[in-house]
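Which chain is which? They are A, B, C and D, in the order written, and residues in each are numbered from 1.
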Amino acid sequence: MIIRGGIVYDPANGIFGEEMDLCIDGGRIVEDAKGEVIDARGLLVMPGGVDAHTHIAGKKMNTGRIMRPDDARLGTELRSGVCRPSTGYTVPNCYAIGYRYARMGYTTAFEAATPIIEARHTHEELEEIPILDKGALTLFGNNWEVMECVHDKDIAKLAAYVAWGLRAARGYGIKIVNPGGGEAWGFGSNVKGLYDPVPNFDVTPAEIIHALAEANEMLRLPHSIHLHFNNLGKPGNYTTALETLEALEDIKPSRMRQAVHVTHMQFSAYGGTSWRDFESKASIIADYLNKHNHATMDMGQLLFGAATTMTADAPLEYGNARLTHNKWSNHDIELEESSGVVPMVYSRKMLVNAVQWAIGLELALLTEDPWKVLMTTDSPNGSPFVNYPEVITLLMSKPKRDSEMATLHGELSKRTSLGCIERELDWSEIAIMTRAAPARILGLEDKGHLGLGADGDVSIYNLSPHEVDASQEHATVKKALAAAKYTIKSGTVVCKDGKILATPRGKTYWVDAVAAQADMDRLMVDLQDKFERYYSVQMSNYAVQDVYVTNPRVVKAGLGAGPLKEAA
Amino acid sequence: MRNIIVAPLAPIRISVEAEILSPDIFAPLSMEQICGLDVWQGNRKRKISDLFRVVGDEGQVRPEETALRLEGDFSRVKRIAEGMTAGTVDVIGSAGMHAGNNMKGGKLSILGNADDWLGREMRGGSIAVEGNAGNYAGAGYRGEKCGMRGGEIEIRGNAGAYLGEHLCGGDIRVAGNAGDFPGAANQGGTIFIGGSTHLPGAEMTKGTIIVNGKAKVLPGYQKLEIVTIGGEKYQKYAGDLVENGKGELFIRTGSS
Amino acid sequence: MIVEDAICSFCGCLCDDINVEVEENKVKRVRHACRLGSSKIMGHERIRRPMVRKDGELKEVSYQQAYEQAAKILLAASKPLLYGWASTVCEAQKKGILLAEEVGGVLDSTATVCHGPSVIGIEEKGLPGATLGQVKNRADTIVFWGCNPAEAHPRHSLRYSSNACGRFTPEGRSAKKIIVVDVRETRTSKNADKLVIIQPGTDYEVISALRMLVAGKGDMVPEEVGGVAKSELASLSEMLLAAKFGAVFFGLGITHSRGRYKNIDNALSLVTDLNSHTKFVIMPMRGHYNVGGIGQALAWSSGYPMSVDFTRQAPYFNPGETAACDLLAKADTDAALIIAADPASNFPRTIVEELAKIPIIQIDPYENPTTLLADVVIPSAIAGVEAEGTAYRMDGLALRMRKLVNSSYPSDEEILDGILESVRSLRCSRSLQGGLKDDN
Amino acid sequence: MISGRTLAQGANCESKMSEDFFKAASSCYLSKEDYDLLGLSDGKNILLKNEFGKTVFSPRVDDGLRRGIVFIPMGPWANILIGPDTGGCGTPQFKGVEIDLEATNSPIQDIRELFGSIKRAEA
């Protein structure tokens, strides 16, 4: 396949809006190719989009679907052509997830949170999602074995457990959600801060996070720890955010990447002492990130309208349910986690929601280096992913932000600095925040760029980047981003003019990390005891079998994995 | 007024979904165009004229100038007058499920019985049923917070269970009895029941329910004073206190 | 040969510690399973060959002939019902969902005569739940409301609930409070610390009274609710509030009674309210071993967990309208594919009489009353014994069922594949002849 | 009347044509008082009927039942007494059904008799 004459943005390879041809053969970018010619003359061309943090599969997602038939009916699209029927808006069915991401030019999406014991379910759903390459992060932050290793300061055994857990879950990396809080929720309480001990385990969230970061680097995992802070979603929590980031300054990354990725920072950049005096502290967070290089983040942008909040932060969800008097699902997971799901509507009339909306944008605009901040909505927590074009246009257009702010609460300008921010992102920066940076942050070498050997994932938009002024013509930009002219996945046109033409099966990434045998042996003694006494399933029935990952892409890590190729 | 008559050509076995039976759809179309409209019978898409005799005045008009008369047994025809905004629909017989669903204006009259989900999520207009209505009259869809938000439903016979579930506004009057749980999670509408019912106003937070017959009252209702409405004495209750509700429930004295 | 840690395919407990002794491809002995599980794994007299009804009699045919006959029936129907799905694995369920889409049918599971009302209740309120191991490790107070696990889920108590020992419950039964709420004494209530007998059909009122008591508004509760004295309810409420970790398990006693899903709705609210005071979770006691799985698979593929109508090429969901019993009671379906279920036994008789009026395809390992009414009978391997695959436990945990013995019968998945192929080739040849949909 | 799961019914629910299932599912449990009041004794059967249908069961005493409550294992015999109305939520009301009962000498229909009487539509 030859993609002819596009205006290409490939920031990972230093290409910023150059007219050039791209060739794909055997599913990869090559020097030269024959076959189908795609006319992209004058059009915006970028690598396929990569979403490093989204909720697309597993128990939480299905719980959201089951409790929300009201949401399912909103997104109904008929079965037609190669497509099975779509339903849902905030909690779409598996098919809709694949089609809608592909329609926007995305080709890769990572599920953000899976407990090991429920990973089989996650993979069942990932397998049903068409087109996309995907992976799932594995939850470790409230796991008994983790806390016991942390308590014993036994990082080697912890690393062995992480390796074992990733393999059992066919998981990609370490996700930590409200560390210690999930365990405390087992008896209905929470941890209050980074140094508040976890009941019954005599460890602090700070210790858990730090130890997991050490284990992460000991195993040379492709991704860093992926962290959802304590106290998330609470006024005044920016201090927890800063404290946590400071506590990780000494972590030496084992690869050329961050030491910690902080997810949906919007929910952790809150000032004030209550919802009454709630205000943005985005500038302080951005300032910290500008001065330090060990951390990256994603926005977790919130948009007005319907959302479904779903997180392993179960106490937060109970709070949400009581606050909004909405439906509440909770799911505690033996020895490992807890979680919750609550539907939500963010209202333009609510000052709190307006401030939240502004915080996400401030974070992205005040952080100078676009490689440090990803465009996400923590879908469907801040808003469903189909609204990414709205977020991108807000980032690219000051007039759009101003006209939006004019419709919001009058107090807003006192609570955030968004109105004073002149910065408008350009296509290079957007390409970084939606393609190059998520791939690099995740450690996906073949994604997010268009260099030789990269995956043949390309998105082409019906938009001339040199002619359209994204600042003024934001409506045109939004329309173009919502329905790609072409989405090409591994060299196959999967979507043309917003219509799905093919639904190939995507790959599932997982990390096979090797730990020292002696540590693994010590670990097994612990685990056998846990399965005999505490788990409700047998150890032999626990791990995800190969049959659940039919198109795996195994990334080797850990001991003996050899020096890893670095991203450009 | 432009009059259009629709009548089944033969008894209907597999139910028909005919959301096009609405003044809003018919008004701007010629008779030929109307006859070409699709309805669904199971997985078969059919022309309306395959299943129904359709006759009426020609002339493109506005919905409020359109009178639709459905003659015969429409009890297996669903979604009659869905979303209608104006005009009239008279069913000279019984109507199937979801009649007047999401209705916004105009008038729907049903001479016979109405099946379940009559006036589901209705926002305006009026519905009158001479016979009985099924379950969920004036209710919402599964999982939604709001059912009927406005308009009026009058049922001269009995109503089924879950009458006005999640009611957010509007008035429902039932001359006869109502099934279990009328006005459950009522958030601001009014329900009048001429006969008896069971457990009215479960989790009601706002709104009013008046029962002239017998009704078992939930433990979350606080007994207040006796009041007189329209010359009759009623026991007033406030609730449902399980939800800190401020709804008002009136049950005619001597009946509970 | 002994298969260790086999997973039992009877009830929603999915006990996964079963040892099965197999000799010459036959199950000889089952260890650790309860009576229900052993009976299931040991097996019974089978249907031998596929059969098609001719002149009123079922006659043996080849599998291919049976698939083609099934395809003809499904394609001739304007609203075929594809019902059952609880006692088979997700791999078959997924295939069934695809078949329902392709033939434009309504897919419903046995949940609609079981915990269907629970699902509707969850749609109203959500489900504050947990995995069973969480209950095992933490629960000091357990409520069985309208369920009788001693007879329906015999190992529940030992593995997960009343008699289980875990990290924070090392003393097992002796340190727990067990509460049973029912309309009668049961084997389960014999092991309880407290039994509250209520009048049939009063669950909703009793739960409302408990909610008032839990919220400290007991002074407004009448002296007697549902046949239970207020003092009795007050002591129950105190027991609930005294829990450090409470778990409510509920069964068909509450879903099948007057109030149906509203009972569950209110119970979910009670548990939510209790969480303002202490920790509480709630869970339905699912009957068939993978009735949870069809709910999960349907939800991720269609957005809805049961009773999904695909006739208009897009999923539509509305139990009360699209559930199997609704369609049959209103004679609003014209063919039925029944798999891994026995509606002739389990539906009300008047509904069975309606079912008998339409063509029926049955896929099942065993003869049962539905066989007596069926037009096409296709014997299958026993999922979870002779065929492996995924099942979801009552708490939503997915496990992989092991294959214990080989079978000469095709699996449910293979049979559905066969029917799907026949549907596609029949449709293809008909469209070549120009007459597709409107040929009835 | 309430219908529900029992161990014996459950253990035989995949061998419904068997004698064991017949024994398990064609029984009807009632309180001692009701049993005596109806003049039941060994060898006597009991006829249950309501607006939906009638059928004969083998009566047994269950001390856990209160007066006025009859328990029948779920199955095709019990289901003769269950109405088709799903109450708008898809599920028939299998429990809390009103019935009349009387002692009888009539035999219990076996499973084939039970279904032999159902009229099949002409193919």
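Please note the rule applied: a contact is a pair of C-beta atoms (placed from the backbone, for glycine too) under 8 Å apart; a residue touches a chain by one contact, two chains touch by 3 or more.
Remember, it's a predicted structure, so these values are computed and weren't measured experimentally.
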From the centre of subunit D, which chain's CA centre is farthest?
A
Two candidates, C-D and B-D; the one with more touching C-beta pairs is C-D
Taking each chain's centre as the mean of its C-alpha atoms, which one lies nearest the mean of all protein C-alpha atoms here?
C
How many angstrom between the C-alpha centroids of subunit D and subunit A?
56
Just give me the whole-number Å value for how far the CA centre of subunit C lies from that of subunit D.
22
Centre-of-Cα separation between subunit D and subunit B, whole angstrom:
38
Rounded to the nearest whole Å, what is the centre-to-centre distance of subunit A and subunit B, using the mean of the C-alpha atoms as each centre?
45
Name the residues of subunit C that each touch 2 or more other chains.
120, 123-124, 258, 310, 312, 317, 319-320
Quick one: which residues in subunit D touch 2 or more of the other chains?
87-88
Which subunit A residues reach two or more other chains?
67-70, 73
Which part of subunit C faces subunit B closely enough to touch in the complex?
77-79, 103-105, 120, 123-124, 204-205, 208-209, 211-212, 215, 217, 220-222, 225, 258-259, 262, 266, 269, 273, 310-312, 317-321, 330-334, 437-438
Please give the residue numbers of subunit C that touch subunit D in the complex, ascending.
10-11, 35-36, 39-40, 44-45, 53, 56, 112-114, 116-117, 120, 148, 151-152, 154, 183-186, 189, 197, 200-201, 252-253, 255-258, 260-261, 287, 306-307, 319-320, 322-326, 328-329, 342, 344-354, 356-359, 365-369, 372-373, 375
In the complex with subunit C, residue positions of subunit B that touch it
13-15, 17, 40-45, 76, 97, 116-117, 135-136, 141-143, 180-181, 184, 199, 202-203, 216, 218-220, 222, 240-242
Residue ranges of subunit A in contact with subunit C within the complex
57, 59, 61-63, 65-70, 72-73, 75-80, 84-85, 87-88, 91-95, 117-118, 120-121, 124-125, 128, 144, 185-188, 200, 318, 321-322, 327-335, 341-342, 533-538, 540-541, 545, 547
Subunit D contacts subunit C in the complex at 2-7, 10-18, 52-53, 62-66, 69, 71, 74-76, 79-96, 111-112, 114-116, 118-121, 123
